[in-house]
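Data block below; observations after.
Letters A, B, C and D mark the chains as written, and numbering starts fresh at 1 in each.
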Amino acid sequence: MSYGATFPLWREAAGDAWHDYTRHAFVEGLRDGTLPRAAYLRYLVQDYLFLVHFSRAWALAVTKAETLDEMRACAATVHALLNDEMRLHVATCAAEGIPEADLFAAREAPQNIAYTRYVLDAGHSGDFLDLMAALAPCVLGYGEIGTRLASAADRTPYADWIETYAGADYQKTCDEVGALIDGAITRRLGTTPRDSPRWPRLCARFETATRLEVDFWGMGLRG
Amino acid sequence: MSYGATFPLWREAAGDAWHDYTRHAFVEGLRDGTLPRAAYLRYLVQDYLFLVHFSRAWALAVTKAETLDEMRACAATVHALLNDEMRLHVATCAAEGIPEADLFAAREAPQNIAYTRYVLDAGHSGDFLDLMAALAPCVLGYGEIGTRLASAADRTPYADWIETYAGADYQKTCDEVGALIDGAITRRLGTTPRDSPRWPRLCARFETATRLEVDFWGMGLRG
Amino acid sequence: MSYGATFPLWREAAGDAWHDYTRHAFVEGLRDGTLPRAAYLRYLVQDYLFLVHFSRAWALAVTKAETLDEMRACAATVHALLNDEMRLHVATCAAEGIPEADLFAAREAPQNIAYTRYVLDAGHSGDFLDLMAALAPCVLGYGEIGTRLASAADRTPYADWIETYAGADYQKTCDEVGALIDGAITRRLGTTPRDSPRWPRLCARFETATRLEVDFWGMGLRG
Amino acid sequence: MSYGATFPLWREAAGDAWHDYTRHAFVEGLRDGTLPRAAYLRYLVQDYLFLVHFSRAWALAVTKAETLDEMRACAATVHALLNDEMRLHVATCAAEGIPEADLFAAREAPQNIAYTRYVLDAGHSGDFLDLMAALAPCVLGYGEIGTRLASAADRTPYADWIETYAGADYQKTCDEVGALIDGAITRRLGTTPRDSPRWPRLCARFETATRLEVDFWGMGLRG
C-alpha cells in the first residue's frame, strides 16, 4: 500500500495521528462486525454529505491544475466520487428506507463541516499541492484501511463497505492519485521535496486532515 | 434553438452583440469556406487553450452548485470538454503537424485571456448564476451557430467544425445546459426572474461574455 | 441592538440556536466572573486564530463586493480586525506570558476550523450575501452580548472583554455591518427579501454559523 | 529602483516586455506632455476600474497569506488603493466633469478585463507567490516609471500623475511590496529561488502581466 513515493513520507510525518485514524475503534468495528448498525448509518449519511463536498474539493483541484494530465486525473476523480463511490451509500441507505434526497438534505455534523471545509480552504488559500496534501488522507487512507480489512476481517455485516475500498476500482483510483501527487510534487518542488521550505507545511496539512478523519470516525461512533 | 426559457431572454437583452458574435465574419468564413486556413488554425490553437480554461470554469461551477443535479451536470460538462470537444482541435492540429503538447504550451492571445478569466472571475466573485450567465454565450452560441451553418453551409473545408457543434452530442449538451440554467434560475430567483434586482446584472454578464466572443473571433481572423 | 432590518429577521429565524449562543454558559461566566481563567485563555488563544481567518473571510468579501461602498466597508472591517480587535487578545495573552507568535502558531481546535472554514466556504461557494449571512452571527452577536453584559455584569475579571464589545468603536462597527447587510440585501433581493427563494438558505447559513458559535464557546469551556 | 532582490530578477527575465511597458509611447507622452488629453482621460477612467479590481486582487492576497505580516501588508495595500491612489483619478475626472459614480459604472475595455482578471486568476489558481508575480509589474513598474519621469520630465500637464507615483508615499509602498515579495519567496522557495522548478512559471506570470500592461497603455493611446 505505498501508493507512490510521497504518501509514505506524509504518512510517517503524521505520526500517531495516522494510527489513530486507520486503527480507530470505528474501523475495528467494521472489521469484526461489532460496530452498531445505528453508528454505521449515522456515519453513512454524514459520509454521503462528505462525498458531496469532497467532490467539490476535487473539482476545485481541476481549477488549480497546471497540466492537462492533472486536470483529467482530478476530473476523473470527481466523476468517480459523484457516480461510483456514492452508490454504496445510496444503496445501503435506500435498503434502510432513507432516500437519496434525505441524504443530501441531512444536517451536517460539525466534524463533517470541519473536515470538508478545511480541505476546500487548503485549496483556496494555497496551490494544487496544498489541496493534494489535504485530500490525500481520505482517499489513500481508505484504500489502506480497505486493503487491511479485506485480509483481516472477521465475518462482518460490513463486508460491502470493505469490498468497496479494497476492490480493484478503488485501489486503481488510489494508485492514480498517488501518481498524481508524486508528479505534482516533482513538478513544483523538484526531486528532493523534503528540502523545500514548503515541505513541513504540506506535512502539517496532511496531519491536520488526518486528525479531522479521527474526529469523523468519532462522530460516527458516538454521534 | 431555444435551449430553454432563460437563454432567449439573455440573448435578446444582449442586443447587437449577439448578432455580432453569431454572424461574425469568421463564422461566415466557416460557412462559405472563405476563411483562410491560417486564421482557422490560429483560432483552433487558441480555442484549445480556451477549452482548458473553460473546463476550469465548469469545474468551478461544480464547487458552487447547490444540488446534486447541478453538480453532476457541471461535472459531465467538464468531462465532455476535456475529452470530447478537444478531440476536434487535437485531431485537426495533429493533421497539420501540431502535437497536443504544443497546443497546451501555446501563448494565449490577450482576447483569450480576457474571455476565460472574465468567466472564471464571474464565478469567483458571484454565485452559480453569475457563472452560468458568463458560460452561456459560448456553449449555447456555438450550438446555435453550428445548427445554422449545418443547414446553410456551402461546400466548405470546415464541415467537421460545423458537424462538431451541429451534431447530436453537442446539441444534447446545449439542451442540458439550457435546462440546468433554467432550473438554477428558478431555484434562486423564482418563477419571474426578470423581476429580480439581479436580472440586469446577469444580462450584463451574458452581454459582456458575448462581446468577448466577438473579440475572440476577431483575434482568429486578424491575429 | 437591532443593527438594521435584516439581522433581527435572521436572528429570529435561528430560533433556539441564537439563545444557545448568546446565553451560553461561557458568556454567563464572563458576566458573573465565574469563568475559569484557563478556559478564558484557551478561548482567547483560539479566538485570536479565529480572527486571523475571520479577517481572511472579510477580505474575501472585498473580492465579492459589487459596489465601492461595499468594498470599502469590508476593507475597513479587515483593518479593524487585524489591528484593533486583536489587540485585546495580544495584550491579555502577553500579560500571561504568551507572545503573539505563539498565538499565531497555536494548533487550531476542530471547532475553530469548523467555524472559520465554513464561513470562508460560504463565500467561495455562494455570493456576497451568502458570505454576509455566515459572517453576521459573530460580528453582531458579540455586539449584542457585549451590550447586555455591560449593563448586567457583576464584578468580573473579564470587564475588559465586555468593554471591547460594548464599547463605542465596536458598536459602531456593528451598526455599519448591519447597514452593509441591509444594503446588500436590497440590492440583490429587493425590498421584500423574505419573498426570495434564497431567503431560507440565507437563514440556514446564519443558523449554521450560530450553531458553530455555540460549539466554539463549548470548546472554550471544556477544551 | 530595485525594490528588493526578487523584482530585478523578474524584470530581467521579462526581457523586451519590460522595456515595452516602461518606455511605452503613452509613458513618453506623459513625460513630454504630448499625450492627448482625451487619451489621458480614457486611460484614467479605465485605470480607475483597474484599481477597483486590483484592490480585489490584493484582498485576495490577504486570504492567501501565510503570516500575519503578509496579511497586514496586503490589507494595507488594499486600503492605500481604495482610499489614496484612487484620489488622483477621482479628482482629475471630477475637474473634467466626470463624477466618481460614472467612473465606477464605465464599461471596461477588453484590455482592462484581460489584465485584471488574469491577476485574479493567478491568485485563485495558484498560491500567494503566483499572485505576487502577477501583481508586481503594475505596482513596481509604476514606481519605476514615476521615478524616472520625475527626473526626466519636460514641462507637462501630467505632473500630478508623475508626482503621485514618484512621491514618497507611493515609493514607500513599492519598497514594502518589494520586501513583502522577497520574504514570501524565501519563505516558500528558500534562499536560492532560481533553483526552484517553480521559478520559470513565476517569471512567466510576471512577463504575461507585463505584456498586459503594454496592451493597457495601448488602449489608453488608441482607445
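Methods note: a contact is a pair of C-beta atoms (placed from the backbone, for glycine too) under 8 Å apart; a residue touches a chain by one contact, two chains touch by 3 or more.
Fair warning: this is a prediction, and the values are worked out from it, not measured in the lab.
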Max Cα-centre separation from chain C goes to chain B
With respect to inter-chain C-beta contacts, which pair, A-B or A-C, contains the greater number?
A-B
Same residues or different residues where chain C meets chain D? The copies count as same if more than half of the interface numbers are shared.
same
What whole-Å value do you get for the distance between chain A and chain D if each is reduced to the mean of its CA atoms?
41
From the C-alpha centre of chain A to that of chain B, how far is it in Å?
34
Centroid of chain A to centroid of chain C, CA atoms only: how many Å?
31
Which positions in chain A are in touch with at least two other chains?
56, 63, 120, 124-125
Can the chain contact pattern be summarised as a line, a ring, a star, a complete graph, or none of these (other)?
complete
Which residues of chain B touch chain A once you look at their complex with the stated criterion?
52, 55-57, 59-60, 62-63, 65, 67-68, 71-72, 74-75, 78-79, 82-83, 100, 104, 120
Which residues of chain B touch chain D in their complex?
56, 108, 110-111, 113-114, 117-118, 120-121, 124-125, 208, 211-212, 215
Please name which positions on chain A make contact with chain D in the complex.
63-64, 66, 124-127, 130, 186-190, 195-198, 201
